[in-house]
Amino acid sequence: MPTPGARLVKYHATINDVKYTYGVAAPVARLRSGDVLETNTLDAFGNVLKGPGDRLDMVKGDNPLTGPFYIEGAEPGDTLAIKFLDLEVDGKQGVGAFAPGFGALNSSTYTPMLGEPLPERIWYYPVDHAGNAATFQAHDSNFTVQIPLHPFFGCIGVAPAGGEARSSIVPAENGGNMDAPEASVGNTLYLPVNVTGAMLYMGDGHAAMGDGEVDGTAIEAPLRARLQVEVIKGRKIDWPRFENDNSIMAVGITRPLDDALRVAFTQLIAWMHQDYGLSELDAYELLSKVATIHLDEMVDPNYVIVASIHKKYLPPRKK
Amino acid sequence: MPTPGARLVKYHATINDVKYTYGVAAPVARLRSGDVLETNTLDAFGNVLKGPGDRLDMVKGDNPLTGPFYIEGAEPGDTLAIKFLDLEVDGKQGVGAFAPGFGALNSSTYTPMLGEPLPERIWYYPVDHAGNAATFQAHDSNFTVQIPLHPFFGCIGVAPAGGEARSSIVPAENGGNMDAPEASVGNTLYLPVNVTGAMLYMGDGHAAMGDGEVDGTAIEAPLRARLQVEVIKGRKIDWPRFENDNSIMAVGITRPLDDALRVAFTQLIAWMHQDYGLSELDAYELLSKVATIHLDEMVDPNYVIVASIHKKYLPPRKK
Amino acid sequence: MPTPGARLVKYHATINDVKYTYGVAAPVARLRSGDVLETNTLDAFGNVLKGPGDRLDMVKGDNPLTGPFYIEGAEPGDTLAIKFLDLEVDGKQGVGAFAPGFGALNSSTYTPMLGEPLPERIWYYPVDHAGNAATFQAHDSNFTVQIPLHPFFGCIGVAPAGGEARSSIVPAENGGNMDAPEASVGNTLYLPVNVTGAMLYMGDGHAAMGDGEVDGTAIEAPLRARLQVEVIKGRKIDWPRFENDNSIMAVGITRPLDDALRVAFTQLIAWMHQDYGLSELDAYELLSKVATIHLDEMVDPNYVIVASIHKKYLPPRKK
Amino acid sequence: MPTPGARLVKYHATINDVKYTYGVAAPVARLRSGDVLETNTLDAFGNVLKGPGDRLDMVKGDNPLTGPFYIEGAEPGDTLAIKFLDLEVDGKQGVGAFAPGFGALNSSTYTPMLGEPLPERIWYYPVDHAGNAATFQAHDSNFTVQIPLHPFFGCIGVAPAGGEARSSIVPAENGGNMDAPEASVGNTLYLPVNVTGAMLYMGDGHAAMGDGEVDGTAIEAPLRARLQVEVIKGRKIDWPRFENDNSIMAVGITRPLDDALRVAFTQLIAWMHQDYGLSELDAYELLSKVATIHLDEMVDPNYVIVASIHKKYLPPRKK
C-alpha cells in the first residue's frame, strides 16, 4: 500500500550486476522515501546449481546481492524502514546443501573440529506454486514431504558504519545475512543508516527455513520482491528491528547465542522504555513473563536471535 | 485418560516434606506404571512471599520439591514417561522477583560482573481463575496488563546418574529445573531412569512464563497437579524428551546456548533416525528446513533449548 | 614443613576403597588442622590400562578418588587450606588416551557433533624417575620425545554445598576435577568448607599436562602424596583459590570459557580489594596491565581458568 | 638483521595520515620483500589524552593506524612475514582507560547488561625509559607500583579477503586488533595475503599489557618501530601465526573463547602435521601433554587465543 506520490521503481538484477559485500558502491538505482521497489534476487549460489551432478565448487560466490539502492535523503543517524509488500519464489526449484565450513552440528570455519568432515550434499526442492509448497526428497530413503512456502530475504542490509565493508555471508549491526524469516510480507524492517544514501542490498532468498538454519541452508531460491522504503529522519537505532501490527521485535547479532540474546533483549527493553514509557526494570520483569524468542540462525559468522513482545502487553505508544 | 487398572494415588505436600535436591531419598509415595498421581507443589519461594514488605531473605530455600515418588519397576536403562493430565494454579496470587545472582541481563553467579548489582524487586500477580489470567502491575508507572495462564512445572526430574545429587535450581540430564513450558497439559515428558525406582520430584510451578525467563522468574505459583506415570522398559535415553500429538521434542541442557542447541539437535536427529528411519544427513537437512526451536531459559546454572519437529514432516514411526 | 604438634597420618588407598563422587560419605581417616597426610591415588582409569590391547571399556569408573578425609573442626563457612608438600609418580608408566565424549576438538558429551567420532586411542608414557621425564611415543611415525614431569592432582575437592554430590569428573565450586597444574608442590589450595568435616577427596594424578588438556587426558598416573591441611575458621570463600610465595590465584569454573574467566577475575578482584585494600576499579585496571591467565582445561563438564597476579604488584596485605 | 640488499624505508606517521580501517587504500609507502621499515604509531587514542581533565570524548577515533604499506610482489595466496626488530615507547607517558562499551567484566557492546555502567576512568602511567618501566598510580588509594615495559603492537594486519574492510578495533583472519604481546621483538608474525600488495597497517602500541586485557586497555603508548617484511610466495595460511627460535604459535580469533581455542589448536595441529610430519591424532595427544595457551584478550569484538608448542617437542621440520 504505497503512500500517495510514491513512485514504483523497477530494477532487474543479473549475475553481472551482483555484489558480494555490503559497503559503499555505485548505486544500481535511486529511491525516494516512500517509493516502492520491484526487483529480483538470485539464489545464494548465484542460480548455478540446477540438478544432480552439479557441485558446490561451481558456485562463484555465496549470497550475490542485488543493489546497492541509494536512498535519497538518508543520512547517518537516520533509520531506514523497509516494508515487505510482496515476495515470491522466482523459479520452479529450491536448493538445500550441506557445505563445508557451515553448519551448527559439524566442523565449521569458526567452530573447527578434527577428523573427517561431513560430505558435501545437495538436495533439490521442486516448488509447487499453486500448492504453495516445496517438496523435500530424502537421499537415503524413499521419503518425501511437502513444506509450505514462506519466502523471505536471508540477506538484507545497508553499508556498515566506520568505513567497514562486510561480506554477504555476515550478519551484523547493518543487517546483512540475518537469515531472518521476519524479513517477509507483513513486516517492516528498520535498519540504521550509516552512510549518506544508506546503500540498501538484498539477496539470499529463502522459500522456507527451519529455526536455526542448522545445516547452513534454507530452501534457497531466487525471489521476486516488492518493497517500500521510508527514511525516518533523526531516529537512531544501533541494531536492526522488525515490527508488524502485532509485535515489536529487536534483533541481536553476535556470537555466542548467549550474547546475541543479551543484545536482542537490552535493545527490546530500550525500545519499550523509550517508546512505551516502561522503566527498565518493569520491562525486564514483563519480558520474563511474556517475551517471545526466535532463534533465526546459528550457522553464519554471527548468530541471530530475535526477541519480541506482543503489543497487547504494552502501554500505548508515546510517539 | 488413565490406563485400565491404574490407581489414583494422592499425596499432599507441605513445607515440612519438601526436598531441595534431586537424589536418592526416602520416597513419600510409591507409584506403579500407569498410576495417576494427584499432588501439589509449593511455589519457588516456599510460599513465603505474600505481599509488600516481604523480602527474598525470608525464603528458606529455592524450588522446594514435592517427592520423591518411587516408581515400581523402574530400573537404570529404562525411560520414565510422565503425562501431564491437569495443572492448576493453587492460590490467588503469583510472584515475580528480580533476585541477586539470577538473570540473563545482569551480573549473576556464573556470569559475574563488576559494579552495582540491580536492586532486589518483587512483583505480585493477582490470579483471576475465571478469566484464566494473571495481572502484571508495573512498579514505576501506572500500567497493568493481563497475562493468560499457562501452568507448568519449572522443576520436574529424577535422581541423577553416577551417584550424583543435584540442587533443585539445576537442570541437567535428569531433567530438574528445566523451566520448560512444555511440562504442561497435553504433553508427555520422557526422563532417563538412573536409579532403581527412578525417584521422581516436581515443583517450581509457573502460572506463565516468557521465552528465556530472562530476569530469572516466571509468575511463580503453587500448583495442583494430576500426572500419569509409565515405565518404558529397556528404552534408554540420554536427555529429557517431550512429545505430544503433533510433535517430538528433544531437550538440550548445558551452557552456553550454542552447546545446548547442539545437544538438542543431535538428540532430535538420533530420535528421527532410530524411530523414523531417516538417515542422519537427511534428518539434518530436513530440520534445517522445518525445525522449531524453543529457548526455554538462559538463567539457571544450565540453559535449556528444545528442538522439535512436527510429525507431519516425519515418515511413519517404525516402532 | 609441618607445624609443631602436627601429626603425620598415613592412609593407603586401593581400588576397593575409592569413591566416584564428592559428597558426604564415611571417612577413611580423620585429620586435625595442621596434620600432614601421606597417601596415594590410583590413576584416572583405576590403574587398569597396562599396555597394548587394553581398552577403555575395561575401566570401571573414571577418576577414582581417595577419601573422604574428615577434617576436625571444619564447619560450613570456614576455608580449608591444603599445602602440597610432596607429589611423586607412583609407578613406571603414565597413560594418555583419546576417549569418546571427551576432547576440545571433537564431538563430546556437551558439544556433540554429527558424523564419525574420532577413534579411541591409548598412548603409554614410560616414566624415567631419575631423569624426571616421561616419553611420548608417536603412533603414526617414529617420533619420540621426553616430557619433564610435573606431578599434580587433577582431582582435589570437598563435599559440595546444598546437599549436592558431584561426579569425580566434574569441577565446580567445591574444587573437584579442576585439572589444575597449580595443585602441586609449592602451592596452597583453598577450598570452601560446605559440610561439617569438609570431606576431602583427591585423585586423577597427572605426571604432566599441557594447557587446556585439549584431548581430554594428561599423562595419567598413580601418585604418592604428602599434604598438610589447615582449617581457617570464619573465612568464607565462594570458589577455590591457590597461593604461593609469589602469587595469588583465583579459579573460575564454568562454561563457556568466557564465563569461567569472569568468575576468576571477579574473584581475584574481590581478593585484592578485601585483603590488599585496592578499590574494585583500581584492581580491574591494574589486572588489565599485569594479570596472568592460565587456561587449565576445556574438556571437563565445566572449564577451568586461573587468574593470578604477582604479589610484587600488590600493596602490603592488610591481614 | 636485514637480509643483504634489503633497503631501509622510513615513514613518519601523523594524525593527518592515519586510517581507521584495514582495507585497500592509497599506500603511504612501498616495501620490497626483505626491506626494513622504520616508522612510528600514535597511541590508541590518537595521542590526545595528556593528563587530568582530558576525557574520552576528545578522542576522534580508536586505534589510528599507520599505513597502508604496499608490499611488492605480495599476491593473494602468499604469506607475509613481519619480523619485529625493534620497538620502543615514543614518549614519556602511557595511558590506561576504562571506557564505555569495552571490558570483560562489565556491560559492553556485545555483552550488554542492564543497570548503571561503570564510570569512565583514565589512568596515566609515567614511563621511565632508563628503568624500562611504567608506573601504575591507584586512584582510590596511595598505592603505586612499577610495571616492566614490554612494547608491542596491539594492531597489526593486512587488508581482509573478499573485498571486506574492517574497523581498526576488530581482530580477525587478517590480524588487526589482536592485542597480542607476541607482536614484539624476537618474534615473526605471519599473515595471509588477501589482496595484491597485502596492504600492511599497524598501530595501537602497548607499553605493557596483562593477559586478557580485561578492562579494555593496555598501557597505551605511541611507539617507534623497526620491522622487516618478507613475502613467502605460494604459502597459504588461513589465520595469523607467530614464530620465534623456541616456539610455533597459532592464533585463533573469534567469539566465544571456546571457539577461539578451537581455531588456534586446529591450526596448530595442521601446522605440526604439514611442516613436522606428525599425524593429526598424535599431534592432538602431544599438545594435550605439552601445549601452551596464551589468552591475549577477551575485550575486542573478537577474542584472541594463541596456542603454541615448544620446538623441542617437535620432530625436525620437513621443509
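Letters A, B, C and D mark the chains as written, and numbering starts fresh at 1 in each.
The criterion applied here is as follows: a contact is a pair of C-beta atoms (placed from the backbone, for glycine too) under 8 Å apart; a residue touches a chain by one contact, two chains touch by 3 or more.
A quick note: this is a predicted structure, and the numbers were derived from the prediction, not measured.
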Contact distance in steps, from subunit A to subunit C: 1
Interface with more contacting C-beta pairs, comparing C-D to A-D: C-D
Same-residue or different-residue interface between subunit B and subunit C, half as cut-off: same
Chain whose Cα centroid lies at the greatest distance from that of subunit B: D
Distance between chain centroids, defined by C-alpha means - subunit B, subunit D (Å): 47
Intercentroid distance (Cα basis), subunit D paired with subunit A, Å: 34
Set of subunit D residues in contact with two or more other chains: 105, 111-115, 118, 255-256, 258, 262, 266, 269, 281, 284
Subunit C residues within the subunit D interface of the complex: 96, 98, 103-105, 111, 118-119, 121, 123, 136, 138-141, 143, 145, 147, 208-219, 255-258, 261-262, 265-266, 269, 277-279, 281-282, 284-293, 295, 298, 303, 305, 307, 312-315
Subunit C-touching residues of subunit A, taken from the complex the two chains share: 105-107, 112-118, 256, 258
Complex contacts: residues of subunit B adjacent to subunit C: 20-21, 23, 110-115, 162-167, 254-256, 258-259, 262-263, 266, 269, 280-281, 284
